[in-house]
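Read from first to last, the chains carry the letters A, B, C and D; within each, the first residue is number 1.
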Amino acid sequence: MTSSVAVSGASGYAGGEILRLLAAHPEVEIRTVTAHSSAGEPLIAHQPHLRSLRHLTLQPTTPEVLAGHDVVFLALPHGQSGQYTDALQDAPLVIDAGADHRLTSPDAWDAFYGGTFHEPWAYGVPELPGGRAALVGATRIAAPGCNASTVSLSLAPGVAAGVIDSSDIVAVLAVGPSGAGKSLKTNLLAAEILGSANPYAVGGTHRHIPEIRQALVAAGATGDVRISFTPVLVPMARGILATSTAPIANGVTDAQIRDAWEQAYADEPFVQVLPEGHFPRTADVLGANTALIGLAVDRAANRVVVVTAVDNLVKGTAGAAIQSMNIALGLPEATGLTVNGVAP
Amino acid sequence: MTSSVAVSGASGYAGGEILRLLAAHPEVEIRTVTAHSSAGEPLIAHQPHLRSLRHLTLQPTTPEVLAGHDVVFLALPHGQSGQYTDALQDAPLVIDAGADHRLTSPDAWDAFYGGTFHEPWAYGVPELPGGRAALVGATRIAAPGCNASTVSLSLAPGVAAGVIDSSDIVAVLAVGPSGAGKSLKTNLLAAEILGSANPYAVGGTHRHIPEIRQALVAAGATGDVRISFTPVLVPMARGILATSTAPIANGVTDAQIRDAWEQAYADEPFVQVLPEGHFPRTADVLGANTALIGLAVDRAANRVVVVTAVDNLVKGTAGAAIQSMNIALGLPEATGLTVNGVAP
Amino acid sequence: MTSSVAVSGASGYAGGEILRLLAAHPEVEIRTVTAHSSAGEPLIAHQPHLRSLRHLTLQPTTPEVLAGHDVVFLALPHGQSGQYTDALQDAPLVIDAGADHRLTSPDAWDAFYGGTFHEPWAYGVPELPGGRAALVGATRIAAPGCNASTVSLSLAPGVAAGVIDSSDIVAVLAVGPSGAGKSLKTNLLAAEILGSANPYAVGGTHRHIPEIRQALVAAGATGDVRISFTPVLVPMARGILATSTAPIANGVTDAQIRDAWEQAYADEPFVQVLPEGHFPRTADVLGANTALIGLAVDRAANRVVVVTAVDNLVKGTAGAAIQSMNIALGLPEATGLTVNGVAP
Amino acid sequence: MTSSVAVSGASGYAGGEILRLLAAHPEVEIRTVTAHSSAGEPLIAHQPHLRSLRHLTLQPTTPEVLAGHDVVFLALPHGQSGQYTDALQDAPLVIDAGADHRLTSPDAWDAFYGGTFHEPWAYGVPELPGGRAALVGATRIAAPGCNASTVSLSLAPGVAAGVIDSSDIVAVLAVGPSGAGKSLKTNLLAAEILGSANPYAVGGTHRHIPEIRQALVAAGATGDVRISFTPVLVPMARGILATSTAPIANGVTDAQIRDAWEQAYADEPFVQVLPEGHFPRTADVLGANTALIGLAVDRAANRVVVVTAVDNLVKGTAGAAIQSMNIALGLPEATGLTVNGVAP
């Protein structure tokens, strides 16, 4: 039976991508789309690519408008989801694309976000250890941070298998500016990004760091989890290419290392480990719900190098949300999602 | 007195950039340009942006054609410079933009390049410890590898001051495809690069690794120098943004760390350390001979993070070559070079 | 009942896009993929984004391999399709993505292509006047040239309604380099295209000109059809933004002009006319089988201006081919195709 | 003798480019830089690429601050320059990069801009007929609109020689977003521009249209000057590639047409006509003060096609301003300017 859906933040990038995927999903009916300052305008004015949703008009983002749907997606700036939680108590399923319900540690929340801490919800990355089980039958789901889930998926198999040392992780990510949202900031202007690579949040300040740490601890990390994390904006609208490295654990063989990743994802449709010597490009996952992982063991550097490509708006956000929804609703997990990217 | 100059490989990207800079250099006369398969064609057919050099015709790259100039630039595929060395014995100054004369270790050459080892020449990065002294009066100069010099400049001050541990360096670079030269390879086609981040030479195979190691040893590294090195092609024609990290040495303070870099480059016009909290973009050095360095001390990760922006064709190659030429010839070091980038 | 399909030229851009769309098509089975020099290699080595087709191996492009399928797609360089025509006489449906069967005039073929003229097949643009009827039950279909069909769709309604003068058409197109195919040419290298706009085939030499003329004559053009046609490569992997203008016919009103386009495409799912004052972007049709048309009447210039956005690989090539296949096979026309673009 | 200079609007793109060029100009001293909301901040915070100007601090844009310099550059949003005119009466030379003093016709001003009309100043495109003479000794100069001067330079020779018909001009321009300034608008965000071609001001509304018309009338156009003008934003930070076409005048030969352009620009260093069959790319003029023109005569379409590449911020704005300044001050016209682009 078709589920009725409401999407808030429908004028933004994350909201738009949720709608693009839902429009191709056979088991949902997009009944309501909401926005803040653009309420009253046609959706298509803000999402001109969503031709099949030309009939929809943006309504105001209020608990009343969002109420009465089988599934509610919140695609709001940080700190705004929380205020809807109480009001949406009767909603059968709420999926938050924001950060408010991702962290389990109030201290980590305080250190990286601040403001009111909200209870953690089921974390929307089914391929992490224990991830899928937590989503079965879930009624409240936190979609992941795009950079966080990319790095967590990159390293969790090695952590779980004990073949890497999580105390000295280094991750550097090439990311497209759509991850920053439709925000009017000078550093996100096209003239600033075109032809340039622009680092930001250098030196341990990025808010996705505690989210990675939490995921790797959940994956079985023992001892400290320390992460040097540097994102770099590059001139592509979408995509994350994460290069994540960690020291090789003592005494493990190359085969043990590769096995850790291959076995962890052997049955996963949306997380695929490439053959030895192959590494992914972000174009290969554009528009797809796929994380592609390439793995190298660099004995000279004593590090495992994991290169992972993800579409930040799909597997990083909207696809993760819908994959999680499918699990929560008992639908086939891949419903409405594709593994094939749009390339070139 | 004006020096007469010949540039081989003049139809390629490195050769073209050497010519662009020489065209603005008041102390040289570009007398001869050579190429291989394009000999006989006008230079402008291959370098349509060099409007002031419309009168030049490409001649064949032979020792005879290159002989008789005050300065000869070799901008040839690696492995080809060596064959000209003997033939150019009488040339007062030869500057090689290729790799043939960069490495001092035959073992490193064998491991990463193979083929005939050639004697090392003065290394064209004056800002490295001892670098400038070696260039004064030099008659044979090896311009650096663009990625190598970027990472070496990033970390040498910390190595020299003993504030970082060089045994576990991780460097990830966003690089533009001009660094790969004007090569007809499928993975360098525009449709493959546009909208995508593409890793290559993952896992310790890149040929610039021994060059970095050599530079850091020369800078005073004690014990092992180990480098995890991952370059990522991103959709910008030029530029390198290198994120280089190394563990903080025991017992050093944040101020000691920052001092190491600020003092090392205090008097350098072309290597500039940005104030705390600031990090460079590649657009800021487009067309300039400048390396811009941003520095963070991440105590939670126990790593120093150095983000450096360079134009691979200028400070990474042609600018380094000409800056070195200026030193060798006794000219003011900045002659014909600019610190200002072309942005946005 | 599912149709078995073979795709030749499967290692290229057009072939890859046909496969991407077929992989999402519920009524076909991709049985055979072929290539020339890459025969024997896995498809995924050349199309790493087609994750669902990892099991396929490229076979040689021979009549024997292509025989025995319900539908054969030819995605070969110009001039190569013709040689398969005879050999594939028994194939129920052959769809050629190349130019060999597009033109009805041997003279036009000689003037713009040369070599053996082949008989014209049903032209794969159903939204042109008479286009759909010709495709019903067709057994041989010529998919359109991407630039040609974009301009033809832009202007056909005005020509058919007699509201524009086809004797002085000017079309300038911003096009992505994937339209040029996976060809190893210097001018298609990423370093040449990034940050630059590059014209080509200026001054009336582009091979799509006779194809446009043919389509507009078929649409009812009386008198001369003259077209100034200039394509410009711009730094986006995919997409065509065509600005097509023609003089306003004498005595027609603005409303008559707008009506011509709105009525022509009123019932078309894949060709949509935007409201007055709105114009499309290529990002809005990325990956979609949609042509979006914006229309302005510029009385000061006495010209109708039509701006049309198309994904060259979808509505311009592979989507047109599959839409045409659907019609020929009696399937719902939109099967396996989407109207929604992947944006941002 | 060195001239003292003040630059207002120094935090923006046009102001930044004026400063970049002035920093390389041997006959000026940049004494004062001003901005509006950023007054008090270091220039380098807004122009991080201008490394040689690190010592400068932004002052408020007031007549008092701007007074007392030999040359004042105004790089302000249009409509703001006018208010400084009276206050700067004593300034020996004022150069306005805005639109306020470009148009000679109050009616055209009203139709396209509105608000107070200001007296026209000497127009800063020396290569147009009569252009250089008007600038000799000028004390008030209006730098051109970047799109306008590109199209005017493209067509003026043909108009002046009577070999084209100016009553039915069509110009379509691929333009980089830096031309729109550092404005916080959603449609200028990187995620909106990357991978997309975006038309704007379609249908005769662009403000540069009357400026082109004025220039072509000044060049000798007889009868109507009608221009269909469509700019398209494409994903490159800088650059204009203008495709301008006009009907061939009756009875002229191909040689007469080509002669018109070649003779008009035979002695111009900064406007160069390429040989027959060659057309320019914007990368070839990046950072240069050069307009490159390619010309085709398309007899089948009965149109002359002129493709011109310009860097919108240099020859389109800042370079034109400084070239004009050089003329006004009696300096060699090319002082501080380069003809060579930064490519690839």
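General observations
Please note the rule applied: contacts are C-beta pairs under 8 Å (C-beta built on N, C-alpha and C of every residue); 3 or more make two chains touch, one makes a residue touch a chain.
None of these values were measured; they are calculated from a predicted model.
Contact with chain A and chain B alike is made by C, D. Relative to the C-alpha centre of chain B, the farthest chain centre belongs to C. Counting C-beta pairs in contact across C-D and across A-D gives the higher total for C-D. Averaged C-alpha coordinates put the centre of chain C at 37 Å from the centre of chain D. Separating the CA-averaged centres of chain A and chain D is a span of 44 Å. In chain C, the residues that touch at least two other chains are 13, 178, 191-192, 194-196, 235-238, 280-281, 283-284, 286, 343-344. Chain C contributes residues 13, 176-178, 180, 182-186, 188-196, 233, 235-238 to its touches with chain B in the complex. By the touch criterion stated above, chain C contacts chain D in their complex at residues 168-170, 172, 174, 191-192, 194-200, 202-204, 209, 226-230, 232, 234-239, 241, 243, 245, 247, 279-284, 286, 294, 296-303, 305, 307, 309, 343-344. Contact residues of chain A toward chain C in the complex are 13, 16, 20, 23-24, 47-53, 178, 194-195, 237-238, 272, 280-281, 283-288, 290, 292, 338-344.
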